[in-house]
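Which chain is which? They are A, B, C, D, E and F, in the order written, and residues in each are numbered from 1.
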């Protein structure tokens, strides 16, 4: 029984676990990046040192997850023909994963840096869904 | 800068990391359950013992992730007023997490069992999005 | 060869790994909660910023483990007949896991909050052992 | 508020998270070893290849946990004076952790091997509780 | 006090933990790949179904670690000027991480596939050490 | 095809994953300890509270990894004859793993403590390679 229209993703996703199962979805990276941005905003709004310390601990974990989901897309979903069709794809992923790391959201509590990561993920999503449709 | 309309989720999600960051999304559990279903289908279609063994290893991991994402929604997103408004919610989550475990997708390679898990997650999603809108 | 009387738990435990192996024991959650309480006490007694930061990092991990052990009992050990016999059980677990999270021991360094978590775990243990004996 | 007599461990435990919090308890290793023994028994009683594969996956994880809990006791709880008082302690732990590995319960599905691990853990428990009382 | 000559790596390594600490070393990926190759050889030499199942479980974990260590080098160690100087570097890492996954050592028990992964890691090591010296 | 001379470790390593695969290498512990030392140095050189908090989070993880790699060598690589030949080996590993924990690099940000850990790992490496050659 398929999912009713209302709750299905706009595009049918496929592969992410390296069996491979064939279910990939950039939403996994995006959800972590949204979380990171919200953490940065809460960090800026708080002056409680314990809350701020917890924020940094959790942001580190979420950043690592965002990075991991992006790496999986780059290695497991995208194939040689995609890299030919989108010559900027390697650089895009390299920059996106750097933004998910020390020189990006791991090393910053500025929501604007998290927004840059979201923008990169969105560029990747756009290409991802184009390749799913073709 | 917000995400362009095309790539935004239909509803703006909020909280999942127990800071809490306020970004929750049942899509996390659904993506794992879709992966599990695809693994079961590939398992049934294969007679390679090595592939089948790998399938079972990976299905165990994905099931645990689906279970975890459901637990997070039940404990961290839903609050007392939600449980009053939806008296079936505890049972729904208990059944859904059991379906993500040994008596469900962990202990079975039947895609129909994975479909049952997807149906439960869809019921939870429906309630989740109702509570986000109200 | 059974364990000698002296070192056996008071009640023979059964199931926790979702094979299921049939070995469950609320002691797992309790040990983490005792650790959390001790961490809070040491945090309060210290004014070394490095020790305090480490305390918060470790408390976050221990809280997640306590939460996980509770979730496992709720989903894997307790069955429909238990929930009929103990109608408060869903709420008890939901509150206990919330106490193991951001609105409880994750978000607080007050030993009294850890004590509240221990008390909830004790209520769960009491029911657990009643169901093991019947 | 202390735990009521009925639910307290027979001896008050102390230290396991390397803050250190001061809560250690050999019960953590014992619970995993009991799980491993139950898995071996269920494995022997089953002729379902999928169940047997899952058993091996889960036994591997549980064995690693038992090994880890033993390592923590050896490094974090026991101090130089204990090793002087119990000269066999190093060898006991080395043998116990080997029994939790490839030459023990990881590499075997014989419940008797799991029983040997339980016996070693019991020897360690005996010494542990002696040192807690003195 | 520096390490005596005999036990120092041939080149002083630097950065791997994304603080960043500045200690990177392709040896981490290589050790995992050597382990994978040895697992494949032991798998081929055995006809014990339990040993073979364990081999597949462990090979999956080791492959994921090899993949992770390679991703870290690609994202965290190599910078834009390196990618200009070595235009093949993106493709090299993409192929190496694919070889560490389902289309490589995860999906195969042939030691020759593990050898291909080792060869790719060696190519990466060669470039890595060149960049450390310049 | 063996690795060309230039990129091979000075001694051929063997066993670390408890299959066992037969690939062990003290370099795994050493790389983590070098990372810890670099983290301590960067911590001391910085007065940015966010950077310092991140340093403590990451140092905790790296210390746990160093400890784990040492435990694996002690339990999985070294056998009874080694412990007879090197009677100091148990104490050496117990002290090294304590140095990787709360009373060592976890509880300190002094690079000199990390250096002590490196020195212990070097002593272990020396014995390790002696046993590989004989």
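We adopt the following convention: contacts are C-beta pairs under 8 Å (C-beta built on N, C-alpha and C of every residue); 3 or more make two chains touch, one makes a residue touch a chain.
Everything numeric in this text was worked out from a predicted model, so none of it was measured.
Enquirer: Provide the labels of all chains in contact with chain A and in contact with chain C.
Expert: Under the touch definition, chain A and chain C have B, F as mutual neighbours.
Enquirer: From the options A-E, A-C or B-C, choose the one that repeats interface A-F, i.e. more than half of its residue-numbered contact pairs are shared.
Expert: Matching more than half of the contact pairs of A-F: A-C.
Enquirer: I'd like to verify one number: the distance from the centre of chain B to the centre of chain D, where each centre is the average of its C-alpha atoms, in whole angstrom.
Expert: Those two chain centres are 33 Å apart.
Enquirer: Taking the mean of the C-alpha atoms as each chain's centre, how many Å separate chain C from chain E?
Expert: The computed centroid separation for chain C versus chain E comes out at 39 Å.
Enquirer: Chain F: which residues touch two or more other chains?
Expert: Expected reply: 18-19, 53-54, 57-58, 106.
Enquirer: Quick one: do these chains touch in a line, a ring, a star, all-to-all (complete), or other?
Expert: Graph shape here is other: it fits none of the named patterns.
Enquirer: Could you list each pair of chains that touch one another?
Expert: Once each pair is checked, the touching ones are A-B, A-C, A-E, A-F, B-C, B-D, B-E, C-D, C-F, D-E, D-F, E-F.
Enquirer: Quick check on the complex: what are the chain E residues that touch chain A?
Expert: It comes out as residues 18-20, 64, 67, 71, 74-76, 78, 83, 90-91, 94, 97-98, 101-102, 106.
Enquirer: Along chain D, where are the residues that touch chain B in the complex?
Expert: Counting only chain D, the residues touching chain B are 50-51, 53-54, 57-58.
Enquirer: Quick one: which bits of chain E touch chain F in the complex? Just the residue numbers, please.
Expert: 1, 3-4, 6-7, 9-10, 13-19, 21-23, 25, 27-28, 30-31, 34-36, 38-39, 42, 54-55, 58, 61-62, 115, 118-119, 122, 125-126
Enquirer: Using the touch rule from the top, collect the residues of chain B that touch chain D in their complex.
Expert: Touching chain D: residues 52-53, 56-57, 60, 106-107, 109 of chain B.
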